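Two complexes, one shared chain (chain A), two partners (chain B, chain C).
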Partner chain A sequence: MGLDRRGFVKIVVGGVAGTLFTPVIWQSLDDVSIWSQNWPWIPRLNKGEVKAKAALSKLCPAGCAVKVKTVGGLPFAVVGNTANPMSKGGVCPVCAAGAQLMYSPARVKSPLKKVGEGKFEAIKWEDAEALLVEKLTALKGQNGKIAAINGDETGSAGEVISGLLAGLGNSGYYMMPGEKFVAEKGVKLMGGSGQPGFDIAGADLVLMIGADALDSWGTTVANQKAFAATRPTGAAATAKFVYAGPVLNHSAAVSDKFLPVPPQATAAFALGLANLLINAGAVSSASDFAEYKALAAKYTVEEVEKATGLKAESMKALVDLIKAAKSPVVIAGASFGQGAGALDFVAGASLNVLLGRVGSGMTLLPAAPKAVAGATSSDKDAASFLAEVATGKAAPGALIVYEANPAYALPQADDMAKTLGNIAFKVSFSTYMDETAALCDLILPAPHPYERFDDALNPYGVAKPTYLAGKPVVKKPVQDCKDPVDVLLGAASKLGLSLGFDTYADVIQAKAKALGADFDALAAGGIWTGEAKGGSLNLGASALAKVAVAKTDDKTLAVAPVSNQANGSATLATPPANLLTVRETELSGKDLIVQMNAATAKKAGVAEGNKVKLSAGKGELKARVHLNEGVAPGTVAVLLGFGRSAWDEFTKGKGDNVYKILTVSDEAGTGLKVWAGSTVTVAKV
Partner chain B sequence: MAHGATKEFKVTWGMVIDLDKCTGCGACMTACQVENNIAPMVDASNKMRTLSWMLVFELSNKKSGAEAEVAYLPRPCMQCGNPACVPVCPVIATEKNEEGGIVSQVYPRCIGCRYCMAACPYHARYFNWEDPIFPKGMEKALSPSTSARPRGVVEKCNFCHTRFMQAKDKARQDGGNPEGLADGAYMPACAEICPTGAISFGDVKNKEHKVFDLAQGKDAFRLLEKLGLNPQVYYVSKREWVRKLGDNYAATGKPGAAKKHS
Partner chain C sequence: MDQKLQELWGEVMEEKKQCKGCGGALPFLIGFVAAVIAGWVLFPNLLYSKKVQPVRFSHKVHQEQGMECASCHVFRDDGSYAGLPNNDKCMECHADVVGSDPAEKIYVEQYAQKGKEVPWLIYQNQPDNVFFSHKAHESFECKECHLEVGKMDTPPVYYENRLSGYSKQTMKMWQCERCHAENGVSNACHVCHK
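This part shows the complex of A and B:
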C-alpha cells in the first residue's frame, strides 16, 4: 500500500475540517473508513473447535491446576479449573499468560553448543546427548566431580537427578534456595521432622510474618481462595488477616492490619509478641517453655520498638486480636520466598506452639514414598555450594542445571555467575534462554509445561500431603525440545546405570502409584491428598537464644526484595502478556524504581526521582527513588525480577537485579547461609 | 458535564468489584490482554502508549507506618448508562444500543479522532499508535474471540462481548432464554480468572443474579457518580477512605451515599 489507512484518513479529514458538523460528510467519511480498513497486515485468527484441557501449569513456583483453552488444538488462553480443590478455579497472573509463553521469543529452539563467548551453535539431539554422556563418563565414579542444581522443589525430576548422581558415585545434589529447605531445618531445631504446612482455610486469624502468602508465598492461589472464602462480598468477614513485614505488599493491601517490620527484625517481632502473649497468660506444655519464657522476656515492648519502630499500642492490639481468635495460625517466611534464616522460621513457628496450634493450624507432613530407589535429598542449597566452589572447597568438573537460574537468582549474582562460568562443563535443561543457560556449554531445550508430563508433590505451604500431575496439552512441542528427565534417563542407560524407568511419564505414574493416587484422574485435573502426621514440637528456645538483631547504622539501609508474582520469578522473566502489570512506580523505561519512606529517604539524603546507586559486597544496583509510606523504616524495597541480561527484547536490560546487592551471612548456630535482611549503602548519582 | 438521558435496558450487564478482596495481583489484566489479543509492547512502561482495557490502579490513604493502607482498583470500561464518549463520536463508531447496555466500539468505523478518549472521564479508552506486532509465532496463540486492531483506531473494554454472544447462542441451543441468561452463564475473562473472586458479574437488574443485591449494598459506590454518567460498574469497600477516593465528586459529599440504580 502506498498510502496507509491513517495517512488516507488524515488527508480526507484535513480536507473536510471546515464542514465538521454537516452529517453528509460524516456519512461519507464513515464509508471511507470502512473501505480503507481492509487490514491485510493484521494477524488472522485461528479457526477450529474450542476445547479446554486440564493441565498442571508449573510456570509459577507452586504450580496452578488450570484448564488450557485450545482452538483447533492450539492453546490460546488459560482458565481456572473449578473442579480442582486446590486452585478452585483461580489462576495466578503468570499462568494466565501461559499459552503465549509457549511462543516466547526467549525459548531455546534446539540443542545448543557453546562455540565462543556468548556464541552458540545449533546441534542435533543425538550429538547433544552424546556430548552429555561423554562428559559424564569421564567423571563417573569420582565423588565431587559431578554436581547438579535443581530449581524445581516439587517435581519427581529431582529423584531422577539425585538418583543419577548417586549412581555415578556423586553426592553433589543441590536445591535452589527456597522456603521449604529452611523450614525443614527449622522444624528440626524444634525437635520435629518433616515439611511444615499451614491451614489458612481453617484459621480465623492469619498472621503473616514476612510471608507474602496472598501473592508469592506457598500455594498462592489456594491461599487467595482461602482468604476469599472468609470475605464474602457484601457480608461480614469471618477471619482476620494481619501482615507484619517490610513492605505494604499485596498481602498487606487486603489484610485487616499492616505492621511495618524491617526485614532483619522479624524474629525480634515474633519474640516480642510471644512475650506479650505469655504476659497475657499464654502457657505451653512444651519441654522448653521455661527457657523460652525467659528468652522472650528480653523482648520487651521497648526492645521491639527499638528493633522495628512499632509502637506498644500496635503490638497490644495484635495481642488482643490473637487472644480473641479461636484458630489462629502464624506463617513466617522471607518477603520474597528465600534467604531467610531458620531462626526467623522458628521464631514465627514457636508462636503456633505457644498458641497450641501444632497439628491443626500448623501441620507436619509425613515423608513421601520415592519412585526412584536411589534418590537422595539435598542437604545444602545451591548458594552454599557455589560459595564452596568459589573458595576452591568444591571443584566439580561438570554441572547439571535443571529448571534453575543460579546465575541470576542467588545473592551477589555477578559473583555467582562468574563462579558458575568457571566450571569446566555446564549443561542447562531450560525452556528459556536465561542467564544461566547463556553461560552453559550445552543447552538442552526443555518443553513448556503444556508440552510435557510433570508432577508436583507437596508444594510448600500445603497443610496436607498433596499431589498433582499433568500431561501434555499439545501433541508436539513448539520448539525442538525433549523432556529433560527422558534425556537423563537415556544418558543413565548409556552410562550403564538403570534407574528403573525409561521416561518421565513412567516415573510419574510410579510416583502416583506409590502414593496410592490414580494418575489418569490427576492428569484430568484431579488432586490427591493424604493426612498430615501427628507429632509435637518444642518452642525451639535453645536455637532462638542465638537470635541477633542485625544493626543498621545511619549509612546503611536494610534491603527488602519484593516479589510480585506477575513479574515472573527467578526462573521466568516477566512474560510478555504481563508487562502491562508493571507499574510506573516500579519501572520507568530502563530504570528500576526502588521505594522507601520519606523519613528514610531524608536520612539517606535522597529524594523522589533521584537516581541512586545501592551497593553491598561487590554488587551494585542502579535505580530511581520513589517515596512510599508503606515501606518499613530504615528499609529500601526493591522489586525482584528485573535487570535481565538474557531472555528477550521485552525484559533484557530493563531495570536492575536485586540479587546483585544481597549479601550472604552465616546464621548463628544453624550453619545456614542467609541473605534476607542484607544491608546496602545508598548514594545519589 | 453530560446530563443526557440514560437509556433503559431490560438487561443491564454490570460488575461489582470488591476492593477489599483485590490483592492487585494483575491476573485480570493479563487475562484481558490474552482474551482480546492485545499485542505485548516492548516498552510497556510507557503508559501513554500501552493498551490496558483493564487497568488496576493503586490507591493510598497517604498515611505512614502502621497507619498506611493501600487498595487496588481494577478499572474496566464502566459501560456508562449515559456515556460521555458516545455523543462526541462523529462517525457513530461507538454506541449504546444493544440489550445489556454494553457500549460498543466498531473498529472499522473509527477514524481515530480520539474525541471519545478526551470525553471519557475514566480514561478507559486507548488509541492504537502502532499496528499490533506479536513476536514471531505468537499469533498462533491468538484468541479466536476478537480480531486484532490496526493502528489509528480507538479501543476499549466491551465486557468480552464475544462471550455474551456465545452465552446467548448456547442458551438458544439448550432451549433456554438468550434474553434471560442464568447467573454465571456469561462472564468476562477478568471476572472468570480473578483468584480472589473480587469481580462479580451479572445483570444488575435481575434479582436472580447476585450482583443485583451487591450493587445496592451499603458499601457499594460508583466512580465519580456526580458526573451522572451512570456507570454499570460498581465497587464495594468497607474502608471509608477508599469510598471517598472513588466518588470524591459525589453530590451529597458523603462517601458511598448516592446509589441511584439505573
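This part shows the complex of A and C:
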C-alpha cells in the first residue's frame, strides 16, 4: 500500500487533530506568555528577610540617622530612625533616596585613570594605589606641593587627611566653604572660641536671618522636628518663627512672618533691629556695648528701609515680637549655606548677646578631642585656596579631593574648574562621577554611606556637642570601591608614616572612645551628646564697624541662590526620584527658571517667560524669568542644584549652574572671601 | 460540455477508488495516535531540561534525626516565610564535616567554609508579581502543594521549562484560583497581585 498525496494529507490532519488532545499547543501558549514577561531588562526582586538596619546617611551635609530597609541583605528603602533623639524618625529628602542612590548609574564602578580628555580606563586597585603613592612620594617634604580639599565637615576623615598632609610636610588642607568655618571666625571676632550652637527646640521665638534653617541650614531634620513640636495638633503654636531673607523659601513659607531682605543687606537688617531693641530698652553687660550702641544708632529705620526695602512698621512689629518672647534665638547665615561673611554672622549673633541669650539660646561647643595625633585644622577654605592657585600664589603638584565637588560648587565655577584642571595630578575620592571627578587624573571610588564606616561630630547648628557614627549596612559594596580613609592610611604606611591606625573603623572607634561614647551603641542608631561650654561673648562692635552694604544699581541685581534640599547638594546631584518634585516654575524642559518680583523685573526690562542671560565676572547663566512676589526687591532668585555636566542621564544638561555667576569679594576686616550678595547684570536674549 | 463533465466525473471516481486503496481512515488514525504519543511523551522531554541540586541533600537523614519541616523551613518573626535555610542555619550543625556522607563534605568545603550560599533550585518559585503568603496557608500540610521530599534520600530531579524558565512544579494561576474557589476564598486580583 503506497502513501499518496491524499493519504499524507490524512496523516497530517490526524496529527493536527491529535495534537489538540495533547498539551503541546496549550502548554506552549501558556509558557510563551510567561516567557514574554521575562525580558532580561525587567528588574528582579531580591528575596529574603526584610530587616531595618540603623545607618548614618551622610548624603546630606548634616547627616541623617536613618533605618535602611533591606531584603535579603540589599537596601531597598529608607525610613527615619525614631529611636534617634536628634532626627526623631525624620529623614531629609536626599537621604530618603539613599537606597536608590546606592544603585545609581552615576556611581564610579572601579578605580579609573585618565587617558585623555574626558576618557578614563579602569585599573586595578593595586595599580591605582601605587600611582597615588608614587605621586605623593615625589612631592613629599615640599610644603605647598601637596594639597587636599575636604567636603566632609563632620567626619573624622578630615583628621586623617590633614594628618597625612602634615606628615608629608604640607599644610595645604582646605575645607569646602560652609557655615561652620565662617561662624567659628565670627565667634573669634566676638572674643570667644569654638563652634556656635543654637537651641531651636528650646526657643519660643526663632529669628532666621538668611539662614534657611528648615531646609538647608544646620541639622535640618532636627530643626524641622523642633518646629513641628511647636505646632501641636489642635492647639496653639508654642513658638514663633520669623524668616528674614531674600526669598520666600521653605523656611519662610511656614514661618509666622516673612520679611524680604536682600542678601547683601542682612547685616544692616540685624544692626537696624539692634538699634530698635536698644531704643526699646535692651542693654548688655558686654564690654563693647557702648561702641555697639553707637554703631547700631547709625542703622535707623530709614537707613534700614533704604538697604532692605522694609518699612518701619515691619521692623517695629518684629521688635514687639522679640520683646514678648521669653527665650528668643537669632540664627544668621547665608540663604544657601555658604558664601556669607563672618560679619553677617556677627551681626546676627550680636542680637543673641544683646538679648542675654548666650549660653542658652546660642551656645558654644568645646573643642573635641582628636583621634589622629597629627591632625590639623583648615585655616582657609577651598575657594580662597583655588583663587591663590589661579593667581599663581599657590602651586600644588598634587591635589587630593575628598567628598568634595569644587569644580561645580564654588563661585565662578567654570574658572574654578579650569584652575583645578591645571593642577598636574589630581585624585578624587568620590562615590559618584561628579564634575570634579571628571577632571581628575585618578578617580578612586568611595563607598556609598551604607557600605562604609563613618561618623559625624557636631554637625553645624547643634546646641550641644553631638556625635553620631555608623557602620556598613551591606556585607559587600555593589561597586568595586574602597574606603578612602583606608586607602590613605595604606598610602601613609607605604610612605613611611604612621598615623596610628590601619582602617577608618579603627579611627572612628578611637574617636568614640576619646569622647566617652560607646561605638556599638552609636552604630545601632544611638547618639552621644555632651555639654556646651560656658563663657561669654562680646558684641563684636569693632568688627561690625566695617560692615558695608553693597549697593546695587538699576543695571544690576543681587543674586539669591535658593536651596531646596530635595534637589541635592554640592556633592550630590538631584536624586532621580526627587526630579519628580521639580516644579514648572523651577525648570521648564531644559531651561532653568529664575525668579524676581514684578517691580524688579520691570526695572530690569524683562517679563514673565523671557529668556535672559545673567552675567557676572566671567560667568554667564541662561534662564527664563518667572515673576514671584516672594523675592526681595532688587534680587533675582536662582535655584541651586542644576546645570550638571557630569553625573547621569537623569540630571546632566538640565538647567544651569548658579555657582557660575557668583563672584568673590574680600570681606572688610576679616580677610574672608565672600560671595553671598553677589550681583549680576540681567539681559534679555 | 457534457463530454467534459463526464471526463471530470470519471477522474473523481478514479480518485475515490485510489483513496480506498490508501487505507480510508487509517492514515488519519495513524497521524492522530502519533501526535498524541508525541504530545504526551516526547514533548515534555523536549520542553523541560533536567537539573540536579548542587548538593545532594537528604531530607530522609535529617528526618531520621527527629527534625521536622519547620526545623529548617521557618517563619520569621514578622510572619514572612524563610523558605530554604541559608548557611547560618545549616552551619548550626555543619560548620565542619560531622558525618561520612560525601555530599556533606561538598557542602561544608565548597559552600559553608567559603561563605557562599548554596544556589538551591527551588521547585515552586513563583514569579515576582505573585504575593504568596505561607502564613495564610499554614493550615495545609506542606505536601499538599510541595513535592513530598521528606522521605527522599536524594532530591528529586528539577525540571526547568525551557520556554518560561520556571520549574515544572511551579503552581499555575488556575491551580491557585481553583483551590481558592473550592475553599471559598476570594479570587480578586489584589489577593495575590499586590
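Some observations on this one:
In the analysis below, the second predicted complex is superposed on the first by the 641 of 685 C-alpha atoms of A that agree within 3 Å, B and C clash if a C-alpha of one lies under 4 Å from a C-alpha of the other, contacts with A are read in each partner's own complex, and residues count from 1 in each chain.
The rule we apply is simple: a contact is a pair of C-beta atoms (placed from the backbone, for glycine too) under 8 Å apart; a residue touches a chain by one contact, two chains touch by 3 or more.
Here the structure is a predicted model, which is why all the values come from computation and not from measurement.
Once chain A of one complex is fitted onto chain A of the other, the partner contacts of A:45 extend to both chain B and chain C.
By the touch criterion stated above, A:151 is placed in contact with neither chain B nor chain C.
When the two complexes are overlaid on their common chain A, residue A:587 makes contact with chain B while staying clear of chain C. Of the two partner chains, chain B is the only one that A:93 touches; chain C does not reach it.
Between chain B and chain C, the partner in contact with more residues of chain A is B. Of the two partner chains placed by the overlay, only chain B lies in contact with A:565; chain C stays clear of it. In the superposition on chain A, the residues of chain A contacting both chain B and chain C are 6, 13, 30, 34, 37, 44-45, 47, 50.
Chain contact summary for the complex, chain C toward chain A: residues 15, 18-19, 21-23, 25, 27-36, 38-40, 43-44, 47, 76, 78, 80, 82-83, 127-129, 161, 163-166, 172. Listed in rising order, the residues of chain A touching chain B in the complex are 5-6, 9, 13, 20, 26, 29-30, 33-34, 37, 39, 41-48, 50, 71, 74-80, 89-93, 96-97, 99-100, 102-105, 214-215, 220-221, 224-225, 227-228, 231, 233-234, 248, 250-254, 257-260, 309-311, 314, 478, 564-566, 575-585, 587-589, 597-599, 629-630, 633, 648-650, 654. The residues of chain A lying in touch with chain C in their complex are 1-4, 6-8, 10-19, 21-24, 27-28, 30-32, 34-35, 37-38, 44-45, 47, 49-50. Put simply, chain B touches chain A in their complex at residues 16, 18, 20-27, 29-31, 33-35, 37-38, 40-47, 50, 52, 55-56, 58, 60, 62-66, 68-72, 90-93, 107-113, 131-132, 134-144, 147-152, 189, 192-198, 200, 213-214, 217, 219-220, 236.
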